[in-house]
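Here come two complexes built around chain A, the first alongside chain B, the second alongside chain C.
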Partner chain A sequence: MAKFDLQETPRLGGYTKEFGDSGMVLREITELVLTSLAMPMGGKTKLTAAVKDTFGLTLPTALKSKLSTDGQTRLVQTQPDQYFCLTSKPVPSAMASVAYVTDQTHGWVGLDISGPNVREALERICPVDLDPSAFPVHAAARTTMEHLGVLIIRVSKDQFCLLSASSSAESFLHAVELSIKNVI
Partner chain B sequence: MTDNYRLPESGKVDRSKPLNFSFNGKDMVGYAGDTLASALLANGTRLVARSFKYHRPRGIFTAGSEEPNAMVQLRSGDHTEPNTRATVAELFDGLTATSQNHRGPLNFDLMAVNDLLSPFLSAGFYYKTFMWPRAFWEKVYEPIIRSAAGLGKLSGNEDPDQYDKGFLHCDLLIAGAGPAGLSAALSAARAGARVILAEEDAIIGGRLNAETHEIAGDSADVWAETARAELAAMPNVRIMTRTTVVGAFDHGIYSAVERKTDHLATSAGKPRQVLWRIYTKRAIVAGGATERAVAFKNNDRPGIMLAGSVRAYANRFGVATGDAVSILTNNDTGWDTARDLVAAGVNLAAIIDTRDMAPLHSFAGTSIIMGAAVADTNGRLALSSIKLTNGQTIKTDCLAVSGGWSPNVHLTCHQRGRPTWRDDIAGFVPGGELPVGQSVAGAANGDLSLGAALNSGHKLGNALAKELGLTPTKSQAAKAADEPSSISAFWHVAGEGRAWVDLQNDVTVKDIKQSQAEGFRSVEHLKRYTTMGMATDQGKTSNVLGLAIMAEATGKTIPETGTTIFRPPYTPVAMGTLGGRARGKDYAPTRLTTSHEWGAKNGASFTEVGNWMRAEWYAKQGEAGWRDSVDREVIATRKSVGICDVTTLGKIDIQGRDAAAFLNLVYSNPFLKVPVGRVRYGLMLREDGICYDDGTTARLAENHFVMTTTTANAVLVYRRLEFVRQCLCPNMDVHLISTTDAWAQFAVAGPNSRALLSKIVDDVDMSNEGFPFMACANVTVCGGTPARLFRISFSGELAYEVAVPARYGDSMIKALMEAGQEFDATPYGTEALSVMRIEKGHVVGNELNGTTTALNLGMGGMVSVKKDSIGSTLAKRELMIADDVVRLVGIRPVDKSMKLDAGAHFLERGADTTMDNDQGWVTSVAYSPTFGHHIGLGFVIRGHERHGDIIRAWDGVRGKDIEVEIVSPHMYDPEGGIQRG
Partner chain C sequence: MIINHPTLGPRDAAEFVHLGDATLMNRPDWQAEDAVEQFHEYLYQRDNPAGDYRELWYHEQGDRSWLVVTRNTLTHEITDVQMARDVAMQQAKSS
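And then the complex of A and B:
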C-alpha cells in the first residue's frame, strides 16, 4: 500500500513582515495550540483543581487572561463556562475528564502585531478601547474587526495577539496589514 | 497677479511660505495658513461662483464651514471634488480650482437667462410646472431637470483616493476648540479625564483667531496656543484638528470626519479622510455660533459678506475684503468689524446700524448712519454701491452685514432635541432633551461673549469631571471681558425686488411669503416647498432669518412659528468617506477552503456561497464551456470516483451529558438513540413548523456529537442552537463550539471511493460490514494524521466524507488526487454536486426556502409524534397537514430536447394561466448527463399521487410553456442500493 505523507501548512504560510523603519512588526503565530475547555455543569471544582494542577493557574474571568509563570500557557474566558487554552503543546488528555475539550488549533489563525504604532493601527479596525487604563497587559476581549470575529489579547504594552477564523485568514491579514500601512 | 488686498501687517498666515495656486486657469499666490477663499480675496477675486437656480454672480460670503456661495471644483482629473467650500479648503502649493455651475465663462454665464425668467421660477415651480402630461414625467421633465440640477461635476471615474474608518474612546468628547471648548478641555483634563478635543479648523482657537480679544492679559490667540500646548502635553488628551464632529448617535456615540491629507497636494497612498466612531461617556458641544445676514434687495452680490467674516479675513488672514468697506449691523458685533478694519488700515466707507440710537464709536472719515438700513445694491459682477433706506447712496465694494448670531445647536438636535428661542440674543439655543451625556458650552449655548464662554466651558469641564468620579482642580477660568453684544432683531428691508434669504438655494423673502400664502405654514412645509435650508450648508446662515420672515408673514412670534431641526451630518461628508476601505473585493471578507490554491491551479472557477469561495467546476483544456466540465465531472464520479471539497458545510461540536437530549429537541426526528459511531440525517424545524435546515449529525462518543449544517445557514443554525441552549434549556449540560474552520473535509464519491480511501485511511475495515452506510469514526490517515471518516452520500453514490485538521487540507487534496490517479479520480465542484443531488432528489435551499414543511418535502414521517421537538406542535396545524398541499416531485420534459427553468409554475394542460390554476412551481433544474436530458425538482399539489402525469411548466418571464412528466424526486437509484454499496 502506497503511503501518502500529509504536511501541515500554516494558514498564511508563516507570514512575517517588518514595516520599513516604523518598528511595526506583523507575524503569523504558527506555534500555537488552541484548545477549548468547556466546563461541565456542576464541574467547577474539578476543573479549577485540574487547571491549577496542570497549569498552575486559576480560572480567568471575562476580559482578563491568565498567563502561567513559565509563560507557556494562557487561559482566556471566552463565554460563560468556556475557556480557551493557548499553549505550545497539546493539553494533557486527562483534561477531557474534567472538561469538554475541543481542539481549535486549526480553526483559527493567529497574528502577533507589535510596535510603537500598534494602537493607532488597531484603532482603525478594533472597536474595543485599548487604552492601557481600560485594556492593560493580559486583557482579552472577543470583538469584531472588519466583520470578522476576533479574540484580542494584550501581550505587552505595544504587542497584541489577534485570533480570528482560519478560513478568512487572508482577509483578516489584509485588514490588519492595511491598518498598519495607513498609520505609519 | 499679486495679492493687492493683502494687508501689510495683520494676520497669521506665514508670509515666508508663498504658495502658488490657480483659479479658473489664472495663476495666483497665497501663503501657508490661507484658505482658498482668503487667497482669492487677497488677489482681488470677488466673483467665484454662480448661484444654484438663477445663476446669479456670487462671491465669498463667509470665512467658515457655513459658506453657502463659494463652492468650487477642487483639484483636477480623477481626484476632482465638486462643491468644495473655498472657505474651508486650505491652500497648498499647486492647488487648482475652477468655478462651477455655469455655461460659458464665469463672468458671462449663458444660464443667467434663468435670472430673467425668475418671475416664473418662484417657490414650488417644479411642483406646479411639471405636472402634465403625466407621460412626460420620466422621459422629458426628469432629464431636463437633472441636466440643470446640481452644482459641480464628478469625474465619472473611480475615486482614486483612499479612505478609512476607526474607533475612539474617551471620557469626554469636546466638539469645538474655541474659547469654551478649550476652557472645558483644560478643566476636565486637569482633573484627569480622558479628553478628545475635536476641531474642524486646522488650528486651535476658533473665533479667537478671528478676533482681537484679550484673555488673561494676552492676545486671545496667544492664550489659545498656550492652552493647546498644555493640553498637548497631557497623555490623557487627544487633540484632533481638521476633525468635524458630524453626528450625535445613540448611547453617547459620535461620528467625526478627520481630513488627513486634504491640505496636502497628494495623499501619498494614505487615507485622505478617516471617519471616526467615538464612544464617549460625556460630550460637550462647543461649536460656537454662526452669523446671519439681513435680507434686502439684491443682497447677494459678490462683495456682500458677513461682518464677522470680513473681520476674520482682516485679523486672521491679513486680507482686506475691499477698497472701501461699509458695514450694516443690527447689533454691537458689527462695530467690532469697524474697529478691527480701521486698526488694520482698511478704508471704512460707512457704518449703517438699524438701531435708532447713539453711535457706539466714531471713526475719522467714516459716515455713520443710525436707524437706517440698506434698501438696494448695484454692481453687475461685484458690488459697486449701496442705496440706503434714507435715500443716500454710498460707493462701496464690500458690505459687511451682521444680522446677529445663531448658536450652532446642530449636534443637540440629532436626537430630536428642539431648540428654544431666546429674545435677548435673538437666536435659538439648545432645548428639549439632548442626546444622552451631552452638554453645551459657550456661544453654542447662547453665551455669546468671550468671558461667558470661557466661564461656561470651565465650569462644565469641572462638573462633568466630577460626574465621572474625578476630582476637579482648583484652577480658575481664564479671565476675559464680556464685550458688548446687544442686539435688536432686524430681519429684512421691505420693498419691491428680490431679497435673498438662502443664498445656496436662491430662496427669497418673496418665496417665503408666497409659500405662506399658498398654505405651507408649518416650518417643515416651508423648508420643503422653498428648499430653504437644504443642500451643503443646511441653512446655517439662513434658517433663522427665514423663520423670522415666516413668523412675520403669519403674524406669529418666532417661538410660535417653531424651527426645523437638524439631522447628521453637520457638514457634508463624501460618500467615499462613509464607505471607508470597504470597496471592491474588500467590501466583505472572503472565506477560502484549504484546497483553494490547489483548485485555482487546476482549472477551478469559484462562486460565492455566503462568504465562501467554492469551486463550481474544474475546467480542463479543450472544454468549450462550463457544461462540458460539469457533465464530465458527474459522469466520472458516477463511473469511478469524484472528490469534492465540502469544508464549507457548517460543523458544530456538541458535547455534554445532555447532548443527545438537546439534539432530540432541536431536530424533529429522534436522536436519543443514535448509536456511537453512527450518523443520522436530521431535519430542523422553526417554531412555526416550517423547515429550517437539515444536515447530518454524527455521534463520535456517548456525550459527543458533530452536527453539519448547510453552508449558507451555518451561522444561523449555530445562533439558534445557542438560543435553545441558553434560553430554553439552561439546565441541560451541553456545550457548543463551531469547528467549521478547524477541519478540511472532502467528499469522496463513486464506485471506486472505497478503493481510493483504503489507500489513505489507516487500519480501518472499509468493508460494508466493517464500515456500513451512515457509519462514522475517529481515524488516522496517511500514517497517523488524525482524521474523521463518515460514510454519508449526497450524490447517491457509494461515498464517504473524510476530514483532516485544516492545516493538512492542502496536503490532503493532493494525497487524495494522487491516490486516486489509478481510478482517474476527478475533482468536482458545486455544479456537479448540484446535478447529482437533483438526480438523487436531495433538497437544498431552493426547496428549504422558508415556506415549506416536512410534508411538502416528502419527509412528513420525520416529524416524530412520539416526542416534543421545536416546531412539532405547530407543524400539526390543519392547513399544514391537509391532503392538498404541495409535495416534492421530480420532473422531466416530455420532449427530451427541452430545457427546464427553475421558477416556472405548473399548470394543467389546457388550463388558463391564472393564479387559481397554479399547481406549484419548479425549484431546481439541471441537465443530467446520467439521463441525457434535463431534469428538475418542484412542488406540485398532491404531487406524490401524480407520478406519471403530464403537466405544463409555464414560465411567463422567459415566455416558455413546456410539457413535463411528474416522476419520483428520487430519479437516480430510487432504492438506494448504490449508496448502501
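And then the complex of A and C:
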C-alpha cells in the first residue's frame, strides 16, 4: 500500500496582505479551533456552570460575544441555544457531557481585517450596521457578504474577525480584498 | 425591506426566507376524526387579505430563527415581529 505523508495546510495558504501605506491589513486566521456547543433542552444551568468552570465565562447573549481574560477563548451565540467556541486548542472533552459538541474548524475560513479604513471597506459588503454605537467591540453577528454567510466579530475599534464557509474561501477573500482596494 | 428582529435588531430582508401564512404553525391532529378535511384546509386554504397579514419568515443567513411577521400587504409596513417559538409556546399555554 502506498504510504502518504500528509501535511495540514491553511485553507488560503496562510494569506497575508498589507495594502500599500494605507495601514489596511488582511490576514487569514490560521490558528483557530472552532467548536459548536448546542445546548440540550433544559440544560442551561449545567452548560452555564461548565462554561464558567472551563473558560471562566458566562454564556453570551445575542450580538455580544464573550472573551476570556487570557484572550484565548471567545464565545459567540450563533442562534438560540447554540454557541460557537473560538479557541486556540481543542475544547476539553468534558464539555460533551453538558452540550452537543461538534468540531467545526475545517468547515470555516477566518479572515482578520484591520486598519483605519476597515469600516469603509466592510460597509460596502456587510448589511449590518457597524457604527461603534450599534456594533461595539466584542459585538458579533451572522449575516451575508456578497451572498456568502459570514459570522462577523468586532475584535477592536478598527479590527474585525470574519468567518465564512471554507468551501467558498477564495470567493470570500476576493470580495473582501476588492472592497479594501476600493476604499484605499 | 427591513425586518426588525426581536433579538438582533433591524436586518435586511435579503437575510430571510419567506415561507407563507403563519397558520402553517397550527398543524392539525392527524388522528382527528375529520383529519382529511382539516388537512385540506391547512394545506390549500389561505386568506388573502388586503392589509395586515401574519406570515412566517426564516432568518436563514442569521440566527436561523423562525419569525412571525405582521406585514401590511398594501404598504409592506411591518407592524409586529415575534419569535415563532415564543408564539408557539404562548399558544400551547393558552390552549
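Throughout what follows, the second predicted complex is superposed on the first by the 181 of 184 C-alpha atoms of A that agree within 3 Å, B and C clash if a C-alpha of one lies under 4 Å from a C-alpha of the other, contacts with A are read in each partner's own complex, and residues count from 1 in each chain.
By our rule, a contact is a pair of C-beta atoms (placed from the backbone, for glycine too) under 8 Å apart; a residue touches a chain by one contact, two chains touch by 3 or more.
Quick caveat, the model's predicted, so the values are computed rather than measured.
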Contacts of A:63 with chain B and chain C, given as first, second, both or neither: second
Touching partner for A:166 - first (chain B), second (chain C), both, neither: first
Partner chain in contact with A:72 - chain B first, chain C second, else both or neither: neither
Chain B versus chain C as contact partner of A:16, first or second or both or neither: neither
Partner chain in contact with A:103 - chain B first, chain C second, else both or neither: first
Contacts of A:182 with chain B and chain C, given as first, second, both or neither: first
Partner chain in contact with A:127 - chain B first, chain C second, else both or neither: both
Residue contacts with chain A in the superposition, chain B compared against chain C: B
Common ground on chain A, meaning residues reached by chain C in one complex and by chain B in the other: 127-129, 134
Residue ranges of chain A in contact with chain C within the complex: 62-63, 77-80, 127-129, 134, 141-144, 149
Residue numbers on chain A that touch chain B, as the complex places them: 1-11, 36, 38, 40-42, 81-82, 100, 102-108, 123-129, 131, 133-134, 146-148, 165-172, 174-175, 178, 181-182
Footprint of chain A on chain C - complex, ascending: 7-12, 14-15, 61-65, 83, 85
Residue ranges of chain B touching chain A (in the complex, touch as defined): 162, 164-169, 194, 269-271, 274, 277, 279, 581-582, 586, 588-594, 611-612, 647, 653, 655-657, 703-704, 731-733, 735, 737-743, 758-760, 781-783, 785, 804-808, 810-812, 815, 818-819
